[in-house]
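Quick heads-up: structures coming right below.
Shared between the two complexes below is subunit A, which pairs with subunit B and subunit C, respectively.
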Partner chain A sequence: MAATELAPAPPSGSVIARAPRERTSAWPLIDRIGYYMCWAVGIGLCLIALAIVLFMFVKGISYLRPSLLLHSPAPSVVQSQSGGFLDPIEGTLLVAAIGTVLAAPLGVAIAAWLSEYRRPAWLARAVESAIEIISGAPSVVLALFGLLIFAQSFLGFLSQRAATGAVYGRSFFAAGAVMSVLALPLIVSSAREGFAQLPDRLREASYALGRTRATTIRRVLLPAIRPDIATGTALGMGRIVGDTAIITILLGAGLTIQPVGHTPVSSLLRGTGPTLTSYVYENSPAGEGLAPQKAYAAAFVLLLIVLALNAFVTWLTNRGAQPRERGRAYRLLRFEWIPWTR
Partner chain B sequence: MLGALAVAVLVLIGAMLVTVLIKAWPSFSHNGLSWFGPGGDVDTQIRAMAESKPLPGHSLYYFRGWPLIWGTLLTTVLAVLIALVVSMLAAIFLTEFAPPAVRRVLDPVIRLLAGVPSVIYGLIGILVIARYIDNHWISNARRASVNYVVQLNGNDVMTATLILTLMILPIMVAITASALASVPGAWREGSLALGVNRWRTVWRVSLRTARPAIAAATVLATARALGEAVMLAMVSGGRGFAPNLLDGVTALFEPVRPLAATIFQNHEGLTIPVLAHTIYAMAAVLLVSAGMLSFAAWFAKQRFNRYGIRA
Partner chain C sequence: MDPMMPPPVRRIAVDRDPYVAPAQPAGNGHAPAAAPSTRLRAARPIAAQVRERMRIESLWLAYGENWVVRDVSLPVRQGEVLAMIGASGSGKTTLLRSLNRLTEITTGAARSGRITLDGTDIHELEVNELRRHVTMVFQQPNPFPMSIFDNVAYALAERPGRGGRRRRRSAEIERAVTDALHRAGLYDEVAGDLDRSALRLSGGQQQRLCIARALAAEPEVLLLDEPCSALDPISTATIEELIVSLRESVAIVIVTHNLQQAFRVADHVAFMHLGELVEYGTSEQVFDRPAMQRTRDYISGAFG
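Moving on, here comes the complex of A and B:
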């Protein structure tokens, strides 16, 4: 050790000269502590994410059997007889479809109005705050409100009616509709971002050709922001697929899909059933199922769906964006589609 | 046409606020401000409402929400405080010190952490973390010391806070990192040119400029933590207990159940009018606090915009 300390400094020509502030070893101790803590936190986060994903993969793969995906759940204490989670997967897809079908057109319409019309201004401001309130509102509260609405007697055709005439208020349609409220802010803000980034010459060229504002939006602007709409929709789906509170409150905790009535589509929409999230919850020690293996396997499938949606969004945004990862120009733009940051 | 749709959404949200408040009113009017105060066991009160058997000497509406509110405050404040420090360091790392290769990994990692559904966090919490804490961190002496009030089993403040921190961290990192990245390069270069090292430049220039954004991030994360129901319902152990800070470290191992988790666990009671009013009252408290937090975040962002920086 002493030898290296006493050794003469190498000739200055042979090393790359760096300013003292570039070398962390020359920093005051407190700065160096901060610097190393930054590294520790960064690496720590990577490790935590890795641990979560690896853990879920290991548990998922060790408990997941193809037959689980093809069989309906059955009420049984014995693990081998309690079936798989075909119904929850169908339920998740159904709720995601209903929610997206309702939220996407509505969200795009509101975004178009907010970006292109905005008149009267106070109304636009009020609508903006309303959207902000939904994006901050806890999903349990949304679910309670949804149950209240769908239990009104004139909406009885959307769910089940008891013999006494009381309306149940629980159905796939109700859950999907409340989920669409959850997805709405994400779609609105993606679409608005898309509208904001379109150059004005696009609109002006369209006006110059004698098109009205409505036609311009429909024929010129909407096709141009299609990737943004897709991003918003995928994000919204991610939130819908991952939500548990709305499902448990608006669909109950049944194990299988229970249609109401006999008309093909409406019986399903009016019916109740599980989704992957409620299935995981019910099978965890917090629910009643007490089948952690099944919960792990279903959670793994859920995680795969979420990761696929995530990858889809990444692909969509990377396709359009220029590679800007050099130095400070890298603006971390892609974070803007984490829910709640908008 | 489009305007009408926008108005419809506005009306819907307005209706939501009004209905929840109206449905909540009976509970508040029967209990007055004591609704927020301590008094008795919340779970007993909820059960009394569910069975329509008023507690002796009280009306059926009798409810004292302090344990739940305390639980909400405790988990939220702890999680936000930890996340504040960690997210600032992570954001600095991401924008300033991370080599491009590490950044390319960390970026999707943050998004992944944001995307994991809360039920999966809850599952990991209840099956892994709670069990680990139960087996390794809670000594028998500690268990015995509070045995006369509550059983310690790993479903506790510690588990809830740790997972909640992880859940709100991505939001805070994302907002803080974009704010740090949008600090004008000239300001930082000016500082570097004066011979200030990179850490001090971040600390003194970037972080100060980004302060409003950090405030906004904190507020939004608080709103998210307040509203988190499922994960907390899973790791709370189903007991509305108010951890007693006088127990010292043991308080960290006592069970806790915030407002949102209580709503989630008692939603079956919505068919019972009195209990429904009480549940709506909890929802109203959450909704009003979340609304105020949204407004605060908006306000904080306005201050950031004053610098002419859009984040």
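Moving on, here comes the complex of A and C:
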């Protein structure tokens, strides 16, 4: 190509024609009504969301003090002496961690089996129905069922045993385990979505190299759906962090974290305590704590945690859509430090 | 070869009839003016090293009730390239996929007849073992969403008995990966950054990466299912040259819709029609002196 050749200049200004906006006046009346109703509903939803955030923000900020985040709750009828909500924050994080650690591997395994093996077919359909039932079950129902299970005497080592031998069935582990059931369907469906979107030629390529189905899943498919797994896990965490029914039934609503026994980790897992949701409930005008201002502050912190999780999910999803390059942040975020994902 | 350097312009011997060209599916990398031509053919034959690796004996293949391959017998030899030509639906891809038993992942696939690899019935081999001996490259480049290095390393045979997790980059693995990339003619282009995502490569490079991956398993037979149909003419030329240069070390079977391509790369050609093997012979025989009327019709563009 000769260097002296002039490239044509791109057109500018009024020369460029753009598609005009579509005029709704030409539409049939019924279409217009439907169209404007969609608008109205959308705007209404935005207003509600905005109102919640603004309300919690104003109320929360006005009552939130740094000291609230650093002190344990104390029993007192006077708000100024009832301490902060350090324990509820810790409780929330602990329950979320237990629930996620249990649900994520199980959910991914179920999704892998449903997407890649599906044999026998009747079992796959049964598993799908079971997941639908679980995802449709109200959390209070799951909680009652969980209490029934964890109050069995042979599971006494997972919670507290009374002097009479009765098992309470309430502990961080019990709550976390039932929470994992709550998060499971979200992780399964997200991971299945990921598996379904992988083209078959990826699988064929691996089979054609003499790799088994299991190796293909472990080394090709799972790494490829890491963003989906992360999305499902984060959604599940959001669900766990926000649930109240399971906490009140399976964790009680104590003011502070009460370990059981003296073994470092198990004492915490067997122990009971509050979470942010139970703290908000107890201190709201409906509860017994009589500290509505602190309930607002705690609710604000809870909202922040959930919003942060949502933002994290969005970010992960967008990241997953782009071609991936390797770097340190990449490895961290893609969970490459987990051996089986390499 | 420098991929930017167009191969010399030469007239293709088979291209006597101008209406052969329209028979090609569009975008099949067919560009008469720039296509590599008899230069490739001058290099052959290398009959001294030819030896039979696979043998297909009266093979019938069906999906459900529908027999798509009917009574086909063919030898597959190392040292030469076997091209399978024929219209869409003639069963050539199914036949190719049956050679490493990839047909078995389709439900309802059935077969009758015998296929041997070095004298052993392939259905007596463990299926994944077989697929390491008979690897495949597909129509669409399908690199894994991982780095170039990992793509090739994935195909390396696992070494049992060493136990535990393989160290990620032992010198041995490194050598095997670079060797495979060299054989696929890709090494010089990607040597700078093997950690780059394979999805960032161009289509032609991705396809050569897939060939490198297939070669890394050190197969006896390499199956190519229309490997150039998604590629531009320059990438096609590079890959054709590669195929011819590989035939000494591995038996190659290529399915193609592109008759010029078959003529350029193949030593033997099998023409299939509606599941039957109509004609099999050296490419000169099949293209210049076809024995069957259906072959004559097909290579002169009457159907397909």
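To be clear about the criterion, the second predicted complex is superposed on the first by the 281 of 342 C-alpha atoms of A that agree within 3 Å, B and C clash if a C-alpha of one lies under 4 Å from a C-alpha of the other, contacts with A are read in each partner's own complex, and residues count from 1 in each chain.
Note that a contact is a pair of C-beta atoms (placed from the backbone, for glycine too) under 8 Å apart; a residue touches a chain by one contact, two chains touch by 3 or more.
What you see is a predicted model, and the numbers here were worked out from it, not measured in a lab.
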Report task. Answer with first, second, both or neither: which of subunit B and subunit C does A:Val140 touch in the superposed model? Result -> first
Report task. Check whether A:Glu204 is in contact with subunit B, with subunit C, with both or with neither, and answer first, second, both or neither. Result -> second
Query raised in the report: Which of the two partners, first being subunit B and second being subunit C, lies in contact with A:Val53: first, second, both, or neither?
Result: first
Report task. Have a look at where A:Arg219 lands relative to subunit B and subunit C in the superposition and call it first, second, both or neither. Result -> second
Query raised in the report: Does subunit A have more residues touched by subunit B or by subunit C?
Result: B
Query raised in the report: Taking the superposition as given, does A:Ile110 touch the first partner, subunit B, the second, subunit C, both, or neither?
Result: first
Query raised in the report: Thinking of the overlay built on chain A, is A:Ala299 touched by subunit B (first), by subunit C (second), by both, or by neither?
Result: first
Report task. Pick out the shared contact residues on subunit A: the ones touching subunit B in one complex and subunit C in the other. Result -> 325, 339
**Report entry** subunit A contact footprint on subunit C (complex, rising order)
**Finding:** 100, 102, 105, 128-133, 135-136, 138, 140, 142-147, 154-155, 165, 168, 195-197, 199-200, 210, 213-214, 217
Query raised in the report: Where on subunit B does subunit A make contact in their complex?
Result: 2-3, 5-7, 9-10, 12-14, 16-17, 19-20, 23, 86, 89-90, 92-98, 100, 102-120, 122-124, 126-128, 166, 169-171, 173-175, 177-178, 181-182, 185, 192, 195-200, 203, 217, 220-221, 223-224, 226-230, 233-235, 238, 260, 263-264, 267, 270, 279-280, 283, 286-287, 290-291, 293-294, 297-298
Query raised in the report: Which residues of subunit A touch subunit B in the complex?
Result: 20-22, 26-27, 31-32, 34-35, 37-39, 41-42, 45-46, 48-50, 52-53, 55-56, 106, 109-110, 112-114, 117, 119, 123-124, 126-127, 130-145, 147-148, 181, 184, 238, 241-245, 248-249, 277, 280-281, 284-286, 292, 295-296, 299, 302-303, 306-307, 309-310, 314, 325, 328, 330-336, 338-341
Requested in this report: Please name which positions on subunit A make contact with subunit C in the complex.
Outcome: 199, 201-202, 204-212, 219-220, 223-224, 323-326, 339, 342
